[in-house]
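In this document, chain identifiers A, B, C and D correspond to the written order of the chains, with residue numbering beginning at 1 in each.
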Amino acid sequence: MQGVLYDFTGLIQSIDAVFRASMSDLWATVLEYAIIGIIYLVIYALIGLFLVYAERKVCAFIQVRLGPNRVGPKGFFQTIADFIKLLLKENIKIKNADGVLFNLAPFIVIVASFLTFGTVPFAKGLQGIDLNIGVFFIMAVSSMGVVGILLGGWSSNSKYSLIGAMRSGAQIVSYELSVGLSLVTMVILTGTMQLSQIIELQSDGWFIFKGHIPALISLIIMMIASTAEINRGPFDLAEAESELTAGYHTEYSGIKFAFFYLSEYMNMFVVSALVATVFFGGWMPLHIGSWQAFNHIMDFIPPIIWFILKSFALMYVIMLFKWTFPRLRIDQLLKLEWQYLLPISLFNVLLMAFVVYMKWYF
Amino acid sequence: MGLKSYLSGLFKGFYSLLVGLRVTNSYFFHPSRIVTQQYPENRKTLKMFERFKGEVILVHNENNEHRCTGCGICEMNCPNGSIEIISKMETGEDGKKRKAIDKHIYHLSMCTFCGLCVKSCPSKALAFGNEFEHAVFDRAKLDKVLNKEGSVLMKGVE
Amino acid sequence: MAEEFVHLAVAGTEGQDLEINMGPQHPSTHGVMRFVVKLKGEVVESVQPHCGYIHRGIEKMCESLSYPQIIHLTDRMDYLSAHINNEAVCLAVEKALNIEVSDRIKYIRTIIAELNRIASHLLWWSSMCMDMGAVTPYFYAFRDREKILDIFEETTGGRLLYSYNCPGGLMNDIHPNFQKRVKEFIPYFRKSFKEYDELVTGNVIFQNRTMGIGLLTREQAIAYGVTGPAGRGSGFACDVRKRAPYSAYDKVQFNEILYNEGDSFARYKVRMDEMLESLKIIEQLIDNIPEGSYVEKMKAVIKLPEGEYFQQVETARGELVVHIISDGNKTPYRVKFRSPCLSTLSVMDLISRNQKIADLIAIGGSLDLVIPDIDR
Amino acid sequence: MTNQQLEEVVKRLGVEAVISEAQFLTVEVPFDKLFDLARNLKENEQTQMDYLILITGVDYVSSFGCTYLLTSTTHNHYMVLKTRNIDKANPRVDSVTSLWQTAEYHEREIYDLMGITFNNHPDMRRMFLDESWVGHPLRKDYVDESNIIERKY
């Protein structure tokens, strides 16, 4: 079996065995949950902070600037400084805002992105929870974030926020369809929704090559629709800086704003991880059919590096979208979905089903 | 909308987006085109153009002499009242009494750098300096006395 | 509580209008300007501009200043075409005094005015793209504008407000490097201009956002006095450089850019094409600057003969008219500046009705308002 | 059209006007005849003054005046319309907004800064200053000790 070199399953199992040997089953489970939770929290925050830094650097380079370069080497600790600043900032109480919902909204947003983060397979055996409906779970949970956005916009007693939130609602409801359909297209090819299995199936070639034309169309639609779903430019109508100042999070400050901010970046990470998993084989190294020597060399690169490289490359593309294109208008956004993406992806589902039926994939 | 125009619109639009992406992408992979100046670090090499209007100065030579006769034309020409001249009567070497400058006060905070004082000065005493770091914590520091301590009128300037 | 809901339901559509303030502090108003926008959902029902946040009373101040002193105030009206504003006052004074300035002065003024126009349009381009949500063009345009500002700084000593004109000529002669730098800039700019087209003009999102948005017919443009690129985008041939040539504009060949669509994209295209047209003007003049004095002999105290004097110039935003009423003193009796942006602002409500909020921003960007020019 | 031809047209319109030639042809009319003349100039086939460039409100100390610079986009000729002797106590002129919409903002500006009220104006509010502002700054007799600093010379 390929990929044995860096298999974490054994390690995790032995840690589990040690815990269960030294205490009762209940305590072992609780303790494991706690440890995993803390590890995930830390990784979540670290990746989030790094992504903020990366985005700032990428956009700076695109815009012929240097970007953050004062705190730490090459400004590497800039986001940590920003984070500390946000922690220390005052949580402003908004007059006539709905207090409970106002405070609840950022938590809903961050919990939604955190739940999806739990299913991301970093390497073989390194996955928070390997559901047999993994793809479906990510889809379902990630759209929960919009509830938080709607609540935040509605409860902050600001017209800008309200407009932003309503836009976001309309946007996510429609783009969910395309994301779902393009994933369905791939599920037809894979025959499973379990993320770990999807990756295993790509050990002799990524699905983007296996599924050729329908997979490529599905990838393009997935990239566009998921960029829209995570409210990033050019689909950032919910924030729409030049129109609505900051959209749904205009009134948020301090750590609550940081939650919105962080969850945006983490959603981007989860989306690229999902795309990397479904289309580009997740942590699976680049394997080409029967080139044994080549495949062996590729196997020496740890899967976690493969995974990070793939998802960061995809994130770079999403960032490039944001820093290149002007923003769409709300009716154009909906038109793009209902007039272009949805029909094409429906057609694509049929095409993929046909391809699979005829066994025209590799 | 026919299928043909639908598809051609789709592909044309998609292509135009790719063209845009190519531009930004090429910038990302060519960091040598970055134009940012690292300001406080490049202070030593940073040179303003000689005509740069940073502030008005009264030119002094190495003997602490200036050319200002205290005629007050710059004061009259200044549209904002940012120049005040306090003159005194002085006895020259030939025993004649004449007007001379006591204080040439320049309010940098009011100056709009229109250049009328420099242009109108009949004895070419004023000039623009290149200093541009004017930030101070106290507004009073922006009221400057341009003639240096103990400076005298250059010989031969009337 | 229940009664309130009933009341809301009965009130019907009236209760659903949303009134929002855009500005005076808002990321998309280019200055301190307040628009009270009535919305029905996303659709704009009316736009009511409130200006005066930075009214400085320049016209009143001019009444107590002599003519050379007025010039530095005109810098601060439309600060993006400062040189052209200066030129307007100088031309008016020269016309009143019947002074014919030398060709050298005319050529230099024209070259700098055109460079100024490019710089202004570059800033407009960047901020319009920013209004539309594309941030990157902003930096490209500013990078290129920096080159023009360097040319200005070397010759005039100022980067934004030049005060380079004075009645009867210029403050000082052009810098020896001036011609060389301008000639370097022209091919450089043509190259980056291609990039602008690739990045924004051809972009399908941008075209969809601007085409057919904010329609202004030719008749409306004339009636509302919308001049400059905004008027020419509606087919109103209002270029003062063609209609009433001043300085060296009668000596050069250039086209007046006209588009008949009257939408935001037409206004955009007018400005983009105008930049290239300005380059052509500069190219024709830069090698042929005649020798001569950079300033004509003027009296120490300039007194205009009694009467009324008008001078039109084409700034980057439209037709600026200086109207000087003199009573023979060294200070004018009354000065009126007809600023292009005030008239342009008056169509804001007309053309942004029944458009979306996002369009309102795009329209505002395409009209290219400079708030100090409105307020003066 | 040349200034001379324009002059003839104005004379033919039968308005009591003082015509003089400065930079542009200047036609001075009493303020109550202004609107009629303006409408005629706009609608007349030969003049077609369809573009109002500016309106200047002037304080002549004893009275107010308004100056209109008109041009035609078809014939490209200019004309200055002038009116003086507007009563200082109750300055009122007919608005030309119904002829040239651009006048709406220009007249509001004059109302704000000069204090001349325009009849039949759709929206006669202050343009720049606050509604609570006392006085009209561009008048020659306007005194505001806190905001206007007299220069020494």
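Please note the rule applied: a residue touches a chain if its C-beta (ideal position, glycine included) is under 8 Å from a C-beta of that chain, and two chains touch if they have at least 3 such contacts.
Everything quoted here is computed from the prediction, not taken from an experiment.
**Q** Average the C-alpha coordinates of each chain, average all protein C-alpha coordinates together, and give the chain whose average is closest to the overall one.
**A** Smallest centre-to-centre distance to the global C-alpha mean: chain C.
**Q** Does A-B or A-C have more contacting C-beta pairs?
**A** Looking at A-B and A-C side by side, A-C shows more C-beta contacts.
**Q** Using C-alpha centres only, name the chain that sits farthest from subunit D.
**A** The most distant chain relative to subunit D turns out to be A.
**Q** So how far apart, in whole Å, are subunit A and subunit D when each is placed at the average of its C-alpha atoms?
**A** Those two chain centres are 64 Å apart.
**Q** Approximately how many whole Å separate the CA-defined centres of subunit A and subunit B?
**A** Chain centres of subunit A and subunit B, defined by C-alpha means, are spaced 51 Å apart.
**Q** Counting in whole Å, what is the centre-to-centre distance of subunit B and subunit D, each centre being its mean C-alpha position?
**A** Centres of subunit B and subunit D (C-alpha means) sit 41 Å apart.
**Q** Go ahead and note the Å separation of the Cα centroids belonging to subunit A and subunit C.
**A** 45
**Q** Which subunit A residues reach two or more other chains?
**A** Counting only residues that touch two or more other chains, subunit A contributes 62-65, 323-325.
**Q** Going by the touch rule set out above, which residues of subunit D reach two or more other chains?
**A** Touching at least two other chains: 151.
**Q** For subunit C, which residues are shared contacts with two or more other chains?
**A** Correct list: 136, 143, 199-200, 203, 205.
**Q** Subunit A touches which residues of subunit B in the complex?
**A** 10, 17, 20-21, 23-25, 27-28, 31, 33-36, 38
**Q** With touch defined as at the start, can you tell me which subunit C residues reach subunit A in the complex?
**A** 18, 20, 26-28, 39, 42, 129-136, 138-140, 143, 199-200, 203, 205-206, 208-209, 356-361
**Q** Give the list of subunit A residues in touch with subunit C in this complex.
**A** 59, 62-65, 159-160, 163, 167, 233-234, 236-237, 240-245, 323-332
**Q** Touching subunit C in the complex: which residues of subunit D?
**A** 22-24, 26, 50-54, 56, 58-59, 67, 69, 73, 76, 80, 100-102, 104-106, 109, 113, 126-130, 137-138, 148, 151
**Q** Please output the residues of subunit C touching subunit D within their complex, sorted ascending.
**A** Residues 51-52, 55, 57, 59-60, 64, 95, 220, 222-226, 236-238, 243, 307-310, 312, 319, 321, 323, 325, 333-334, 336, 338, 342-343, 345-346, 375.
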